[in-house]
Every structure is written in structure tokens, then in C-alpha cells.
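The structure follows.
Note that the chains take the letters A, B, C and D in the order they are written out, and that residue 1 is the start of every chain.
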Amino acid sequence: MNTGIWNYWVVVFLMMAGLYVVMAKRNYVKKLMGLSIFQVSVIMLYVSMGKVTGGTAPIYVLDGGTPAEGIVYSNALPHVLMLTAIVVGVATTAVGLGLIVRVREAYGSVEEDVVTEQDRAAEAAEARDFAEAGP
Amino acid sequence: MELLITVTLFAFLIWMAVVIGRQRDLFSASMLTGIFSLICAGLFTVMDAVDVAFTEAAVGAGISTVLFLATLALTDERERRPEHTPLAAIGVVALTGAALVYGTLDMPAYGDPSAPVHTGVARHYMERSWDEIGLPNIVTGVLASYRGFDTFGELGVIFTAGIGVSLLLSAGTPELTPGAPPPPPKSRAPYVREMPILRTVSKALMPYILLFALYVQAHGDFGPGGGFQAGVIFTAALILYGLIWGPSAVEAFARRRLVERATAVGLLIYGGVGVTTLTLGHSFLDYSALSPEHPQHGQHWGIFVVELGVGITVSAVMLVIYYVFASRPKKDVSPMRQPLPLLGGACVGDVSTEDAEADS
Amino acid sequence: MNASTAIVAALLTPLAGALLVALTGRRPNVRETMTALASLATLAWVLWLVPAVALEGNRPELVLARDMLPGVDLAFQVEPLGLLYALVATVLWPVTSAYAVGYMRGHHETHQTRFFVCFALAIFAALGIAFAANLGTLFLFYEVLTLSTYPLVTHQQTDEAKRAGRVYLGILLTTSVCLLLLAIAWTATTAGTLDFRPGGILRGHIPAASVPLLLGLYAYGCGKAALMPLHRWLPNAMVAPTPVSALLHAVAVVKAGVFAILKVVVYVFGLDLLRETGGSQWLMWVAAFTILMGSFIAFTKDNLKARLAYSTIAQLAYIVLGAALATPDGILGGGLHIATHAVGKITLFFCAGAILVASHKKNISEMDGLGRAMPLTMGAFFVGSLSIIGVPPMGGSWSKWMLALGAADGHAIFIGVLMLSSLLNIGYLIPIPIRAFFFDPKPEHAHGHGSAAHAHGEAPLLCVVPLCITAAGCLALFFFADQIVDLLRPLVEG
Amino acid sequence: MKEQLPVLVVVVPLLTAPLLVLLRAPAAVRILSLLAAAASTAAAVTLALTVEAPISYHLGGWPPPIGIEYRVTQATAFVLALVTTIATFSLLLGARGTRSEVTNGRTHLFYAAFLLCLAGLLGMVVTGDAFNVFVFLEISSLSTYALVAMGRRRRAFTAALNYLILGTIGGTFVLIGIGLLFQMTGTLNALDIARHMTQAEVGGTRTVQVAFAFLVVGFGIKLAVFPLHQWLPNAYAESPSAVSSFLAGTATKVIYFQTMRALLVLFGASYVFGTLRFGLFLGVLSLLGMFAGSLAAIYQTSLKRLLAYSSIGQVGYLTLALSFGSEAGTYAGLLHMGAHAITKTALFVVAAAIVSGVGTDRIDALAGLGKRLPLCAFAFVLGGLGLIGVPGTAGFVSKWALLEAALADGHLGYAAALLLSSLLAVVYVWRVVEVMYFRQPPPDAPAARGLRGYDWGALGPALVLMVASILLGVWSSPITGYVRTAATQLFRGGL
């Protein structure tokens, strides 16, 4: 079965859906969700590369203690790489969510617009304080 | 048949992705993200990537979802309606997508056995790993030996995540700021706690899950699994327990200070193997140094030990992350609806922490 | 002891002086002694080098660091033009130091330690420029000079000083970074070297059409030469204390600019290249324009220091003109003018400072009758003016004469420019001593300062003696001009 | 032991981090982390001094491309030495400028994150494996996010979060790029990829073009190339002193080195600058970055933010050098990378000294600093001069190299733009200098307290770095000669 390259296109669509959520949404939690979709889709890109038509999982089928002949395995290397990528993904998500919690505690919101607005207001206030205190 | 499954799962994924993007209830969105991962895991299985599928199911559908929910418990559950159409994002995404599609045009077809990916270095792994490593699971061999340093780095990543989350969230807790007022008694999650079925099942399942984790740890050489999956499953069991009995119940079982140290121990075990081989005059992580006359045995030993290190650090880090999220008091009550007291975490009104003076 | 050691010593003495001044800042008398010692020692080192260069024709060399830039050493070489410039700077340093002590104390300036430290650093940089063996080293010290004089220009730390500092740094850094550096890099890529070599390094490497452009980059890149229209920094820099204006903005800094141009013309382009290609034709006109415009503007200034500043702009353009003529006499005249103008102009600035210290007057219109209270000062002013105008028996007459000779060869029109300029000099300089000696003090000013007009006499001794010395120097140069020309002659021969 | 140095450079900090977690005692943690950084520096410097032919270290004993290869050339050794040195200097600053809660029982985590970040950066530099780059990129990135968030103000959290989001997009783009290359070549070893790239059926494909685009954009985000720089100003300005000085000197530099290697080694100069004609595009972007960064720096109200925007401008210089697509450009890029790393680190360390003396880095608040903390003000002036590229500083040596590279290729316009933009540096540096020296100190400001009034823990390293910059400025031949051979090798695709 050769499905050509259409499934890469689906993967591209999923990646872009994730990327769109990251870029377009203003809620930080939502952005991170987009990020994980993006990352998982990239993992799928790699895993797709590793597929060999008619193959099986890359675990030797043993025949009396030695690998059996004539069995097609899918490529193990992309799988190995993607195990790492998954870890990276969850690590990023964890740190990102930790940051979000702190942002929420400090600003009372996880909406980018609200946070930016508060920062701007704080900066203006600070500048005003200096202008008043200064000579 | 395979095609049909693939198409169906892909269709599901597209639908899921769109729904997640549009869903403004973040609780639902996180659940859907978990399901998204689960479907992905299914697809990975179809693509013969059983190890990846295993991990994705445990991490994406399990740990990630729990983390998202934990965050929601500490933040807000609804996303604000966007104020304007994100034209720039649409433009960038369209451009990027177009570029990628353009790039796929010269790719070898899906599943083509003559693709460079299969004829390159991978061929060596597929054909020689039985002789050189001697483990049935090729993934484990590549992961822990051929590209063992990548895995060492991967462990570094997860360890970094543990450090990072601890830095971010464990600070400011009552234990660490002596001057702060004692936290009010944690409000238990009554209606979860009072469900007898859950309580019974969780207690009954615990040993089996933990046992399964050990099995996955040990069996990684032969089938899908290994230290990483085992660690995640081990922690998942504890988190499940914690969801029902509260994090302090888990802490009683696995003391926090101890777990924190365990995160380091796993990485040190992995690195220790490297340092050992190095002092034996071989390259870093060259396991054949462990048994020069019979390199394969050395490989087995090395892989066993490093997988152990991976398992320890992964499970410990995941647990630490869970601890800091779950034990963090919620700072104030959102004006929106009261969140579910998920994870048995504390949910108290306006605890003043050090951040009041953070901007002064 | 050999000549290389003397070069090191000459460079290090002002540097060490700066350090010692900084360390002894708490005790003014010790500090001033340090300045005096450093300046005299530096002078001694430079004088020690004179016989070897002037009489034996040696070119002492010193490489301080190989490959400061790839292929460009941090290296020094003493050749006649540089020696002359170094002599001018170091001879006048002790004199100025004495004057500065009198002035700074008499005028109750603050931050005197910083002042003397930066002053010594500026001399260090000037010597570095004088002895630089290649364009890279020259550029290094050129920028050090700019930066070390910045605190001097902005010494008062007022808003006016800050504005002046901006113009100062703005023009000098902009020109040096954008034009001079570009020119140097261009030279490096075309000629493959940055060393100063007799006869030039560019000949045969650069198309004739590029010569004017590259020369332009150099001429304007050396913003310190104050060629119009990039002259604005100089009048602005006059907010500095007068000793600064005197030594730096009449001698060290501005002369660094024209010195660099002369040096580039002689040792980078080579006179032959310029003459063959006519690449410096346009520069003559610009210089002529600057000469005349500077003089005209000087006329309009009532503030004495401002008038002197514009006069300096015009006089610097003489030297640029000499360089642009690219004839032997032009170069010699330009070189000689570095010395004669320096001594003349420093005298005038000393006088301006002395007047300020004694009578707190800055404007010429207030100086009527001042000569009665300060006869020595105004007398010296008269002598300095004559030298600037170029009247025998003052040194300035020789340099003008040589420049005119240089122009006579094919560019006679510039003789006219020089003559017209001399007339203008008379017009804006001579009235000052005349007013001082022959006019009656204006009554409102007399009343304005109470009985100040008669309450003050000459400025403190430490101010008056130096200006008398330099006035005498103007006279002396008339008689020693020949020796200087002989010193410079190797520049245009062989 | 000597043949193990390549891996020890990375592994020492990477394994010291977990040790710190076990150790916990703040004093011991501080000393141990400093020791680890110093040991790593020693290893890196030894490598730099001894490497001649490229060293190939086979991790796990598997020869490339089967296993992962560490590859030390003069170029990598140069960057390793630079990064480790700067890390050591930044570590001297320690946890100052962090949230007080960090020093409260969590010091060990801060230092562990710091060492992990260092190990990640070093791992990226020394590895010869494309995917390994990604792994170590993520180690350094993740720890950076956490470290940035330790800044004093709440804005540090948003800065870190935005950095995390953009940085992860960048990292994932890199991952996609590597994936596409892997797809077409079947290998992950950089040199092996480069070998395949010369074959028409690989090098000529659209997939490779897209891989190139993704790698460039991915690294571009992490490098803060204009217009992908939005994360940088806040991340640098809000992070603790030790972190900002460390990041400013290393993070973008290491990514720059990766970009260089991607362009010159993976794809090869002839492909990038010949087939794709990438030079013009990159050159124009660089010019925009140079001017946009420097112009923005002029209008900043906080010192650290000013320095951060100046970094964006300086990244423009770096990419401009790369865009020439010449050996001279590569040399200039490497050299400027080093010079700017030293200068910018020194300036951030000075900023730290100023902050601990004044309590804030608002430029308004620095009025009269020339009187209150004269040495700090003077150190800032020195650093500023290096940033401008005044002769006698390391910044000039590299600017000169840039200029020569531009002129050698006949890019007169680039040369002029380079000089014009360094004038902007004069403006933003002098704006601060004027405040320090010309504005009266506020009446309630404490008077100068002599030498004891300084925060020597910060000022000391700063002065050492300044002196280093000036020494390199007048005596650069040891470095320039080294960098030139390194650049030649790198430009020809050697790794």
C-alpha cells in the first residue's frame, strides 16, 4: 500500500492548526495547547517517515533465539528520535504551565491582552513617579 | 484496512484540532487535547511506532492532560473572546503551510522502502543491532546505545523541566517562607473522595499499575517500553492515587524531599555509566567497556543501568511536577465559576504570597 | 639608551603623569608638581629624539604590538613631520600647564584633578598620533584624543557644555567613524598595507577617478581639521576652560587633524600621485573657501574666544591648502604653519584667558581700555596677532611665504586668497589691542563691575609669564624657521 | 584523559547540576558550580590551545554516522572557550538580582538550572550530530525560560513565557528542518548530511529548500534576527543579572554559530549563496536589524533594555557578516561574535553593579552616577566604547574585520551602513553617559562611599572583562590569527 504523500499533507494541516492556535489565540493556556498539537504533529511527520510498507514494529521477531528471516521492519530510528521529542514536548509544557500559573498569580489573568495592558500601565505609572520625584 | 484506519484517525485528528482551536472552555479543550494525543498514539501504532505510541499515550494523554487540568485549577477555565481577527497569524500559517506542502513534493512516498531514511544509517541499526547489541527491541538498542547520548540529553531535558517547575512553583509555598501565615486547611475534594467505587478501585489497582511499571521497565529490551514509559506509568499510578486521596497521601508514600533527590539520582546513574566507561579508557557511554571480552554483555549491562536511571529520573521528575502543581494554593477565586477541586489540590481564598511585593 | 626607548618613554611619561595626577588629586600642590614633572620629562624625551631625526636622518621605530589588526601593527616611527608636531605639542605643554594652574585656580574651577588627568591623556594621544607608523595606529590615537578631550570640553557640566559636547563628539566621532575609517579600510583593501611610506602606498593601486573621493574621505574624515562645512565643533568647544582651548583647540587637537591630512598626502597618496591625477584640485578650493569664510565669520564675532576659534578654522585651512597643493613648498609651508600658527594662536588664547581671569570679560566690545590695566597681556596679544597675520619679524610670516611660493606654481590664484585673508586677519585681530590701548573704558562697563576696571591689574603671575614666553616664541620662530624647514625637507625630497 | 576533553566540557556541568540538587547547602552549591564552570573552561581552553586537525569523539564508541559524534575544530573550540569563560564570569554574579524567594532555600535549583543551560549550549556547539543539536538546544532553552522567570519583577514571568512560546516554535522549526533533511539524506551526522547534499538528487530537491527555510527561521527566532526578535528585549531586561549577562554573551552567540554551521557546513556556501542567493535577503534583513535595534535602543528608559535592543542591532552585524558568503565574512562574523560576547557581558555585569548600587536600572535614576559610583560609570563608558567599536577595544578589531569583508566583496553600501549604524551606538551609549555625568544626582541619593561602596562581586568581573576587551583591542593577533584559520576551515565546510 502506497499512500503517496497525501498523509504528509494531513500532517502539515495538523501542524498548521497547532501553530495557528499558538499565534492567534490570546489565552496563554490555549497557546500551550496549540504548541502541544504543533509538536505532536511534528512527531507524526517523523514517524510517517519511518513507516515501511508492509513492515512491522521494529522488534525482532525471534525464531529460536535468532531473528527470523524475511520480515520487514519499519524504521526504528525516527521512533527513537521522537521518543526524545515527546519528552521535550512534555518538558516544555510543564515549564510553560508553571509559568502560566505564576503569571496568573502575579497579574490575575492569563490573557495576553490583559497582561500587556497591565504592564503598560505599570510602566507609565513608574515613569510618572520618576517625573514627579525628579528635579 | 490499514488505509481505512489511517484515514479515519486522521479525520478524527483534523476535527479534533479544529474543535480545540474553537473551544473556549479550556477544561474541555484540555480533555480534547488529551484525546488528540490518544488518537495520535493510535496512528503511531498503525505506523508501527509502538514505543512512540506507548509514550505518547502515557505522556500526551496522561501526564500532559493532568498538568493542563492542574493549571486550570490554579487559573481560569474560560478563554476570553478574541477582539479582532488574527490576520497576521492566518498569513504566517498559510505561508508556512504552503512552504511545507511545497517541500513534501519531492519527498519519497509514504512507506517507500527505498527512501533514504531506510537506506541510510538506519539500515545499520536494523541489520546489525542484533549482532552488536543483541536486544530484540531495536528501538531500545538505538535509544540506549547507538544514540545513547541523545537519551542522556533527553534525560537532561526532563531533569531541567523538573528543576524549572520547582524553581517556578515550589517557591512561595508556606514551607519555604517562614514568615507567611500558615495556610488554611486544605479543602479536600469531597465529592471525589466520597465516591466509594473510585476509592476502592484506586486502592485495588495501585499495586497492579506499579507492577506493570516495573514490568515495562524490565521488558523494554524485548518489547515496547523501557525506562521512560515505566517511569511515566509509575508516576501516573501515584498521581491517580493522589487525585483521589490528595497529594499528601502520596507524599506520605513518597516523601517530597526524597523524590526531589531521586530526580538527580537517575541522571547521575546514567551519567555515572558514562563516567565509568570513560575511566575504563573507552568513550563516554561505550558500554562494551563494562565487559571488554564480551561486548554484547557490556551493552546489556549498560542499557539495563541507564534505563534504570531513566526510569528513576522520569518518574521522580513527573512526581515533583505533580507535587508542586497540586500543592500550590490557588491565589484567589476567579470571578468566573468555581473550578472543580481537581487533583485534590488546595483551593483557598486569597492567600497573600510574596508576590504582593513583587512589583515594588 | 636607544631611540626606541625614548619613544616609549615619551609616550609613557604623559600616561604615567595622568596616573600620578589622579593618585595625588587630594593634594593640589603635589598634583601640579606631577603635571609639571611629566610635561618637562616628556619634552626632554622628545628633544632627545631631535638630533637623530634632524641631523642623522634616522627614523627610529618601535613596534609595541604586532598585528593590532591583522597586518597592522601598533607601531611608531619618528619622522620629521611627526617630530615637529610632537615638538610643538610638548614644548607648549609645560607652558600651558603653568598657565593652567594659574587659570584654574584664579578662575576657581572645580574637578581640577580630572582636568589635569585628561589633559595629560590628550598629550599622550597627540604624541601617539605624531609618532604613528601607520594609519591604524594613527586612527587609534586619533580616537583616544577625541575621547580624552571630551571631558575637557564639557568640563563645566552645564547644559551648555553638554550641548557643546554633543556637537564635539557628534562631528568628530561621526567623521572619523564614517569617513576616516572607511577611507582607511578602503586604503587597506586597495593598497594592502597601512604603513606610512615615503612616496605613498596608493600609487599604482588606485584608479585616478577614485583619488578625489578617497582624498575627500580623508580630508573630511579628519574632522579635527575643521574643514568647512564640518567646522562647527570648534566654536562649540570654546565652552571649555581657556587652557583647553589654548593647547588643544589651537594646538594639539586641531593640529592633529591637519597633521593627519598632511601625513596622508605625503605618505599615503604621495605628492606625485596627487599631482599627476589632479585629485586634490577640489580640496584647494574648499580650503580657500574655508580660509575666507572663516575670516569673514570671525569678523562678526564679539566673543573673543569665538573670534579666535573662527580664525583658527581659517588658519587650519592654510595647512590643508598647502597639503592640497601637493607641491614641495606647499607641504613645507603647511608643516611650518603647524608650528608658527600654534605658537601664535596659543598666545592669543592665553591672553583671552588671562583677560577672563582678571576682568571676567569675554566680549571684545567690553575690552576698551583694558590695555592700561593689563599692558603685558595686551602687548603679547599684539605680538601674537602679528604672527597670525604674517607680518615680519614674526614666525607666521615665513609659513605664509612658503605657502604662497607653493601656490605660485600653477595655482597663483590662491596667492590672492592668502593675501585677502591676511587683510581680513588684520581687520579682525588688530582692532582688539588698539581698543585696549587707545580707547577709553566704556562707562557702563566700568560701573557694571563697580570699580572693577581699575581694581584689577594683570592676571596671576602663572598666567602672565606663559603668555609672555609664547609671545617671545612667535618672535623666535622668525629666526628659527629655516631650521624647521630643513627638518621637514626630507618630506618632499626623494 | 586528554582525548576525553571534548565530552568532559559538556558532561562536567551537566552532571554537576544533579549533584547540586543532592547537595542543597547554598555555600557549597555556589562553590561547586563555580568549580564546575571553571573545570569546563579549563577543558575548553586546553582544547582550543591544542586542537589542530579536527578531533572526532565517538560517543558510545560508535563511529559516525552510526553513533553520535563530538567534533572539535578550531572554530568549535573557540566558541567553547568563549562560552565557558563567560559562564564563569556570570556565575561570579551568582543569584543576585533574583526574586528573594529563590535565595530562600532554592539556591541549588537556580545554580543547577544555570549549569544545565551552560551544558546545553556547550553540547550544541561541540556536537557533530544534527539531532543532538536539537536535544541540547532544548536543555538550554528550558533552563533559560526558568532562569529568566527568576527576575525581580513580575514582568519576568511574561517575558519568560513569551520567550518559551516563541522559543519552542523556533525549536520545533529546527526539528522540522532536521526532519526534512533526514528524510532526504537518511542520516543525522552533519558531515554526512553535507556529503549527501552535494548529490543532485538530494541537493536539488524542493524538500531541501524547505528544510533550509525552516532551519533558518528556527535559528533566526532563537538568534533574535529582526523581525523575529520580539522575545529578546524583555527576556534580557527582566532576567536576573547573572542570567542576562550570561545569555547576552552566550545564547545568541551559540545559535549564531549553529546558523553558521547550518549554512556553511550542512548546506554549503555554494548552495546557500550560489543556488539560493540567500546573501542578499539576509543582508537586507541584517541592515534592517542593525538600524531597528539601534534606533529602538536610543529610546529605551531602562539600561538593561537598552543593552538588549543593542544586542538586536549587533545580531544584525553578525548576520551581515554571514550574508557576504565569503571567507572574510565568516572570519568577521566569528570575530565579532567573540568581541560582542565579551563587551555585552561586561556591560550587563556593569549594569548588575549599577543595579546593586542604585536599586534600579532606570536610566533616569542614574543621574549623577559619575559622582555617586564613579567606577561603575567609568566601566560603563569603557564598555560603551567597545560597543561603538572605538579603536583600542575588541569591538573595533571585529568592526574592522567586518568592514574589510564588506569592502573586499565590493559591498560599499554595506560598509557605509555598518559605519552609520555604529554612530547610532554612539547615540544610545552617550545618552546614558550624559545622564550619568551631566545630570545632578537626586538630593536624597547617598554620597560616594569610596571603594567600599561598590558591589565588587559585580564590578570586579566587569573590570576584568573590560581590560580583556582593551587588551584584545591593541593586541589582537593571537585571537585574530586563530579565528582566521577557524573561519577558513568553517567556510570550506569543515566541521
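FYI, a residue touches a chain if its C-beta (ideal position, glycine included) is under 8 Å from a C-beta of that chain, and two chains touch if they have at least 3 such contacts.
Owing to the predicted nature of the structure, the values given are computational and were not obtained by experimental measurement.
*Asks:* Quick check: more C-beta contact pairs in B-D or A-D?
*Replies:* B-D
*Asks:* Roughly how far is chain B from chain D, going centre to centre by Cα mean, in whole Å?
*Replies:* So the centroids are 31 Å from each other.
*Asks:* Measure off the straight-line distance from the CA centroid of chain A to the CA centroid of chain D, and report it in whole Å.
*Replies:* 25
*Asks:* Report the inter-centroid distance (CA atoms only) between chain A and chain C in whole Å.
*Replies:* Chain A and chain C have C-alpha centres separated by 67 Å.
*Asks:* How far is the middle of chain B from the middle of chain C, if each middle is the mean of its Cα atoms, in Å?
*Replies:* 74
*Asks:* Listing for chain B: what residues touch at least two other chains?
*Replies:* Only 100, 104-105, 107, 115, 117-118, 121-122, 125, 147, 150, 153-154, 157, 160-161, 164-165, 168, 355, 358-359 qualify.
*Asks:* Mark out which residues of chain D touch at least two other chains, giving numbers and ranges.
*Replies:* 131, 135, 138, 142, 145-146, 149, 154, 176, 182-183
*Asks:* Could you check chain C for residues that touch two or more other chains and list them?
*Replies:* none
*Asks:* For this assembly, give the contact graph shape among line, ring, star, complete and other.
*Replies:* Here the contact pattern is something else, fitting no line, ring, star or complete shape.
*Asks:* What are all the chain pairs that meet the touch criterion?
*Replies:* Inter-chain contacts occur between A-B, A-D, B-D, C-D.
*Asks:* Contact residues on chain C for chain D in the complex?
*Replies:* 64-70, 74, 136, 139-140, 142-144, 147, 154, 157, 159, 161-162, 165-166, 169-170, 173-174, 177-178, 181-182, 185-186, 188-189
*Asks:* Under the stated contact criterion, what part of chain A meets chain D in this complex?
*Replies:* 15, 19, 22, 28, 31-32, 35, 38-39, 42, 45-46, 49, 78, 81, 84-85, 88, 91-92, 95-96, 98-100, 102-103, 106-107, 115-116, 119, 122, 126-127, 130, 133-135
*Asks:* Which residues of chain D touch chain C once you look at their complex with the stated criterion?
*Replies:* By the definition above, chain D touches chain C via 385, 388-392, 397, 400-401, 403-404, 407-408, 415-416, 419-420, 422-423, 426, 430, 434, 437-438, 473-477, 480-481, 484.
*Asks:* For the complex, which residues does chain B have touching chain A?
*Replies:* 2-3, 6, 10, 13-14, 17-18, 20-21, 26, 29-30, 33, 36-37, 40, 43-44, 47-52, 55-56, 59-60, 63-64, 67-68, 70-72, 74-76, 79-80, 82-83, 86, 88-90, 92-94, 96-97, 100-101, 104-105, 107, 109-113, 115, 117-118, 121-122, 125-126, 130, 136-139, 141-143, 147, 150-151, 153-154, 157-158, 160-161, 164-165, 168-169, 222-224, 228, 321, 324-325, 328, 331-332, 353, 355, 358-359
*Asks:* Please name which positions on chain D make contact with chain B in the complex.
*Replies:* Touch list, chain D to chain B: 4, 7, 11, 14-15, 17-19, 21-22, 57-62, 65-68, 99-102, 104-106, 109-110, 112-113, 116, 119-120, 123, 129, 131-132, 135-136, 138-139, 142-143, 145-147, 149-150, 152-154, 176, 180, 182-189, 192, 196, 202, 205-211, 213-214.
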